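Chains: A, B, C and D, in written order; residue numbering restarts at 1 for each.
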Amino acid sequence: MSENQDQTHAQGGLSKVPLSATPLKRKDFTSDQEVRWCPGCGDYAILSAVQGLLPELGIARENTVVISGIGCSSRFPYYLNSYGMHSIHGRALTIATGLAITRPDLAIMVITGDGDALSIGGNHLIHALRRNVNITILLFNNRIYGLTKGQFSPTSEVGKITKSSPAGSLDTPVNAVSLALGAEATFVARSIDADRAHLTSVLRAAFEHRGSSLVEIYQNCPIFNDGAWDALTAPDSEGVIRLEAGQPVLASGGRLGVVQASDGHLELAPVSEVGLEKVIVHDPTATDPTRAFALSRLTDSGLMRRSPIGIFRKVDRPCYDDLSREQIATAQGRVSPDLHGKTSQLQALLAGDDTWAVS
Amino acid sequence: MSENQDQTHAQGGLSKVPLSATPLKRKDFTSDQEVRWCPGCGDYAILSAVQGLLPELGIARENTVVISGIGCSSRFPYYLNSYGMHSIHGRALTIATGLAITRPDLAIMVITGDGDALSIGGNHLIHALRRNVNITILLFNNRIYGLTKGQFSPTSEVGKITKSSPAGSLDTPVNAVSLALGAEATFVARSIDADRAHLTSVLRAAFEHRGSSLVEIYQNCPIFNDGAWDALTAPDSEGVIRLEAGQPVLASGGRLGVVQASDGHLELAPVSEVGLEKVIVHDPTATDPTRAFALSRLTDSGLMRRSPIGIFRKVDRPCYDDLSREQIATAQGRVSPDLHGKTSQLQALLAGDDTWAVS
Amino acid sequence: MAEQVSRVVVRFAGDSGDGMQLTGGRFGTEAARQGNDIVTLPDFPAEIRAPQGSIAGVSSFQVHFADRDIVTPGEDLDVLVAMNPAALKVHLPSLRRGGILITDSSEFTKRNLTHAGYQTDPLTEGVLEASYQLVSLDLTSVTAEAVAPFGLKRKAVARTRNMFALGLVSWLYSRDMAPTRDWLQTRFAAQPEIRDANLAALEAGWNYGENTETFAVRYEVAPTTQAPGRYRQISGSRATALGLLAASVASGLPLFLGAYPITPASDLLHELGKRKAFGVQTFQAEDEIAAVGAALGASFGGALGVTTTSGPGLALKQEMINLAVMTELPLVVIDVQRAGPSTGMPTKNEQADLLQALWGRNGESPIPVIAPNSPADCFRAAFEACRIALTHRTPVIMLSDAYLANGSEPWMIPDATALPVIDPGFATLPNTEDGGFAPYRRDPLTLDRPWALPGTPDLQHRIGGLEKSDGMGAVSYDGNNHDTMVRLRADHIARIPVSDAVWDDPSGMAKLAVVGWGSTWGSITAAVRRVRELGLPIAQIHIRNLNPLPANLGALLRRADRVIVPEINLGQFATILRAKYLVDARSWSRIRGMPLTVSELTEYLLSEVEEVQHV
Amino acid sequence: MAEQVSRVVVRFAGDSGDGMQLTGGRFGTEAARQGNDIVTLPDFPAEIRAPQGSIAGVSSFQVHFADRDIVTPGEDLDVLVAMNPAALKVHLPSLRRGGILITDSSEFTKRNLTHAGYQTDPLTEGVLEASYQLVSLDLTSVTAEAVAPFGLKRKAVARTRNMFALGLVSWLYSRDMAPTRDWLQTRFAAQPEIRDANLAALEAGWNYGENTETFAVRYEVAPTTQAPGRYRQISGSRATALGLLAASVASGLPLFLGAYPITPASDLLHELGKRKAFGVQTFQAEDEIAAVGAALGASFGGALGVTTTSGPGLALKQEMINLAVMTELPLVVIDVQRAGPSTGMPTKNEQADLLQALWGRNGESPIPVIAPNSPADCFRAAFEACRIALTHRTPVIMLSDAYLANGSEPWMIPDATALPVIDPGFATLPNTEDGGFAPYRRDPLTLDRPWALPGTPDLQHRIGGLEKSDGMGAVSYDGNNHDTMVRLRADHIARIPVSDAVWDDPSGMAKLAVVGWGSTWGSITAAVRRVRELGLPIAQIHIRNLNPLPANLGALLRRADRVIVPEINLGQFATILRAKYLVDARSWSRIRGMPLTVSELTEYLLSEVEEVQHV
């Protein structure tokens, strides 16, 4: 990687997106479609956070694109006044990848669900992450299939009783953050639908990251999985563990701290017992993903009585689409990138290097 | 999970497979098909290791099944005298899953390649691992697409020049072990085609594990990617790092040892400098996968000048197929499992609970 | 005292939360229990729970019941129950002039009216009365009063409004309430207040009819004359699940279902998930490919491997189905069709996957295809699909659809002991001269191949997706062998015996034949009846086996001067008939996400019959 | 001095490592350069490099060259070069009686003979001489001697044997060696010893012919009379890649290829991967679905989105192609067909994906389909596929096949400046009264929808897989709207203008018409010529646009008394013709993984022509 290239990559996720000529407001991003989620659905809060954030990013509205798969969450594009595609189940990332490679001037968001991204779309997710395509991925995790009316999902706890698992589901749940880290992701974060401020800040960081940013959002589905995240806020839970760069990682209002066991895994311990200096300090920019992975294991996927939120990992790595365009630029050298001007080059190629004349 | 169930799961991977009445020999597992790999292909050594190991396992030949996808490696079933299916690209694990759920009496092996398992079949791999279906997976990693004559694969290094990447590939390679650990795998190991003894011992452990066992095998493709693993044995490399339970993790003939950095990630250091007591001792049975993950990051996927081999992780967790059969057993209670005896039950079900008579 | 009527169509419509599916379902069951023939048609809101009171959130359930054999859910409504303005807006056009319209006036609030797109309150405009018998009551208050003793919360009270409506309509048609009362007792046994409130609401509705002078007349629909036996009401989803289960029992093979949820097929996964006592293992896979792969794996091991899906899922499964074609393993694929292309209208009906089922795979890939013609017929079709798959070692596609899956009708309960036995006839012994096993040495008559299960000593063999040598099944790249195998596979499927098609023409004089397949059987049959009632001759042919087709079909088609093929697609079956028999089969299609309209079809058939009979 | 012959078929056959593809390819180029018309046919071993000297490892390359226009790679060989026993075993049956057989006797070792299944050495039995002109020489020694000065290793020496063979055959047909020498100079410029050794081996082969008295006669094949212009030799894969590239230039849109490797389509990915200077971005995806998804995403953004695959991959892509149908976005899908079903025979040829291309998706999903008829014609077909996709906003499937992809022929190089401009006509302004954008407000004539790119101010809109309202494109579950849209989509594709079909019958008296599509054009044309040479009248119709079909096709078919449709499948196009035109199109099919055999087809056509002309 040349110095010069590194500089390019170091630019933020939106650095090639044109800015809006005039300041935009929330309502500029509100489409004329009636929002059709169930009353109380966590999706409303997420939509609202995005509609609030986008004008702040300063980018041109017409250069914002949302691609979604299929699921309740995937109806999102209809409600955002931008370009959008409500595609097919599990495949939004493939479409977004082609778009990102060819269009550096767009801010591309993918909206997906726990079923869409982790079940049918799991492969596209891990490949997008390892390629580090410049896309911001919002994974609405409600631990259920909402749109198809309540089957267990890859994030449902073992033993979950649903229409499709009347005797309890048997599948160990996927931890989206662990999976993403195992798939070489450069930006992995988690937030919660109800925490508007946190969600907005994480999303802002995700947009600013150049490469694939995965944001898992704990989302409540009051109809088919109400209270799936309630244990996190139950009084006797260890609850949400906030990850903030440069800060000690604490839980239960600072009573508990995250400490490292001798084999590198992390545990919660009373700060009063272990001392604050033993509590690890969060650094999402560490090159090696081990610590971020260790943090991801603090989530007790079954009970969901504790889970870290915030940015687990944020490291710089060239992104696929930039590299692809650089290969083109290199190959083109000083040749005009205007295709219409390419006729003579095409003529040479049509001929190849072994021709003969018939007269 | 009841005590009783836990006992069942604690049994080994082959515990429900009938034993062979007479001792079997290597040649009993040799089919009449001519082996059609290229001369010098690493696949020969792996086939030979398996043919050597199977008789030692003592199980009945007819209860051995090999399912493969598509790729050079996936021709494997033709050469093993057992039941087998050479299926379609990337999907062998799905077929094996259905077979494992319905047939506890079979020893099921899946043969797959780096393209088959990690590219098109990546989603099935992560889901099989998290479900922990009782299958032994042999992933032949030659860092190339062999059968289609040499395109880069998900394990190829960045910048790899192949037919499909004449200017160098751009995709960050997948680390199969990291990915598997991120996907909640219970057994993850790695070995090398050329090291027959190591390969055999790892495969034996994989068969004995109840649940999904993933064994990544570094395999040389002399035709399209010759010497892909040579850096590992180059004199100036840190080389292969052997993982042995209960042993310190050393490299370079004991000169280097693996030590834990303050943030939990692992590094190599001269033993003479840090002292042997600082070198970590390997424990594949740790419940938390963080340490195993940290070990997986020692592989420098690009250069491939160092990489751990051996069993990274081996933990007990109920396997999907056992649980599924237990649900059936529970539901059947004392009812005869003989389906032909189910006619009266069927009659009751056909009627349902709201019938009327017309006379 | 009550006026006798022959057939009635009632539709209950309201917000998703109003319990219309339950109410309608129960009303249908009541009718069936009292000996009427019934056909029902639920209509769910698309996908997600839309805002309360919105057009998108309207849910309805229609019941057609009669004193004689009926085949469709009916079209023109005799009674419409509209629980809110949105329901009225959507469904009023279906109510026949003079029909009864029951509404809950308390729901006609400013907010709800706006939601439904009404500028003014239609109840107060006086125009509805001109065309319909309007019965507008404050259901909320009357119900609240009735259930007051049970101390329910406001929301719970509102949820009993549907029972008031059920009681009222039941009174109107002189239904026997005892079974419904029993049913409520059982259903809410665990929640006594809810149970009692519902009983009280039901009673109040009945009494309202009895005591007020709202209705000028009360009606009675006499029982139909049905074959003697024990009956139940059954939906297509349930019938399909039972058919699969019956095949599992009849074959002695455990049922394995690999599925990925998709509307309207998910109910099959839900239904079979409850059948663990029968040894049924259901596997909710990570996607459609894994679902069919697992089913094929289970088949390879000797289970009855089944996968269920809808159109987009079928597209994803085709590569694996093709592996089943090549390996000649049993596999049952159930496609509950919905409106396409792409995601289309996922909750709506269509029958446009026929060509996909037949030809949507690479290479020459012949597969038997079966389509049931009514909800209850799904039982027989599913059983037959399993039988063909298991005995002939082939994937089989059953084409159900959203209407069949959700619709229901009375069904004479079959005798489980009389089910035909399905013999998978596993190979247990070597079949070559040298004691080996040739997995493609076929039965000379049926061309079925032997099927040996893993675990069978000495029959080890390998199969796969590469072309194989005739007989031995070894990988073969020989051109002549390939030509042979392509033709053998085609011939193998073509030889599967299917029942002859029937030329149904009571008059013996018909020159026009109408040919259908699948769920349009109901609409076509109803239209044909109407044509005949008008004294015109018309022949009907209905096809259940779409591949192979009945051997006599060509001859039947050539007997007609004109062949009409009504379909809910752009003429897919017509295409097949034309190609195969070179008859000018004319497509008539309406692709509206719902059953063909009988009146429209009747009109068309009438004009066509007149043309061919008189010219 | 040399004997003039009109046309010659030469086949070079040997082990995979023997460089037969290179040798044959070069010999073909030589012939083309000297003004012969040529058609070539490579045949690779199946999949993996089989053991050296084995039957499975045999690789061959056939060159048909002539002093007149030819259309097939030929069948009966005039010359067979068999570098080892396995090559002899496989290919001898194709050599015509009296043909020249050149072998390397040093390769006829015990081990190699056993590998090839020979009990004894056929070279020493004296039977070959009876039927053929056997030229058996110790190629290894003679070559070794020739290249001795350059100090190559044993293995490298053996690799120059092919040049000796090339030199010898070139002498036999009086070829001009200068271009080949130049070509070797360039090719091995970086490795002087290899270059010189190859030149020496080539020279030695030539001299061997010149100096020994091995051959009684030497031949000459005169140049054909071709249209004046500059020519090159081109394979179907390369022509396809160039066609796509030309469309990119002609439209001003950057080319994006999403692909997953699969034989025999991978070469398109390889070819386009080299075209970065043209702004071509190639994306090797994780699977076929991701490949087509990315292509559709690129299209959405205004690139020329292309995906390339073969049969099994097409099956996987169908769900995404259907999304392109619904969203009405341009997408070019190239299916290089191979022998199926399932994995089938991946390196062999077939044309059995036609029905899959037309109908392999859920719902009513119309798509234009185009098939090239010769390797060079792939250029035009690919260009046309792009033009239709971009201007009509629709996915288009081009059906190439293994024979077209790998085969090659001379091609008159088109003038790049004369390529028709493709105008994507992007929408840039609002199109509704209130300044909004209605993405489905169609051109009233063509029914094409407007296409607005992300980044265009004020035209923000959302599209997707759900059914959409006519015009506005909002999600719609309205039944009547759906019916309208299904018909509009069908009509839209049906209206795409395609050239009329041509009734090619020089006699003006033909009663029999033979109809073909795709790569069988060569075999059919050759057979038709033979029939005509025998003085019998026969009409030929070749179809490049398989959907929509040419408007005049029905009329042409009805002009014939008999219609024959030769195909490498079980009659897929015949099925379409029968269904659409109700003509008794008769299928004639040979499914052997290779082009139809001209002699066999000729014989069949002769008997048919005699029947219809004389009865």
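FYI, a residue touches a chain if its C-beta (ideal position, glycine included) is under 8 Å from a C-beta of that chain, and two chains touch if they have at least 3 such contacts.
Keep in mind that this is a model prediction, so the values were computed, not measured.
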item: Higher-contact pair (C-beta pairs counted), A-D versus B-D; value: A-D
item: Equivalent interface to A-C, taken from B-C, A-D or B-D so that over half of the residue contact pairs match; value: B-D
item: Chain A-chain B separation of Cα centroids, rounded to whole Å; value: 29
item: Euclidean distance of C-alpha centroids - chain B vs chain C, Å; value: 43
item: Between chain D and chain B, distance of the C-alpha-averaged centres to the nearest whole Å; value: 40
item: Residues of chain A whose C-beta touches two or more other chains; value: 70, 88, 119-120, 122-123, 127, 154, 167, 324, 327, 330-331
item: Multi-chain contact residues (two or more partners), chain C; value: 276, 286-287, 312, 319, 323, 327, 342-343, 464-466
item: Chain A partner contacts - residues on chain D that touch it in the complex; value: 29, 32-33, 35, 179, 183, 223, 226-234, 242, 245-246, 248-249, 251-254, 256, 258, 275-281, 283, 285-287, 289-303, 305, 319-320, 323, 327, 413-417, 454-466, 474-475
item: Touching residues (chain side chain D, partner chain C) in the complex; value: 46, 56, 310-312, 314-316, 318-319, 322-323, 325-327, 337, 339-348, 350, 352-353, 355-356, 358-365, 464-467, 477, 479-480, 482-483, 486-487, 489-490, 569-570, 575-576, 578-580, 582, 584, 590-594
item: In the complex with chain D, residue positions of chain A that touch it; value: 18, 31, 33, 60-63, 65, 67, 70, 77-78, 81-88, 91, 93-103, 105-106, 123-124, 127, 324-325, 327-328, 330-333, 335, 337-340, 342-347, 349-352, 354-359
item: List of chain A residues in touch with chain B within their complex; value: 119-123, 126-127, 130-132, 154, 167-168, 170-175, 178-184, 260-261, 263-266, 280, 283, 286, 288-291, 293-294, 297, 317, 320, 323-324, 327, 330-331
item: Partner chain D, residues of chain B touching it in the complex; value: 34-39, 70, 72, 75, 88-90, 119-120, 122, 145-149, 151-152, 154, 163-167, 169, 223
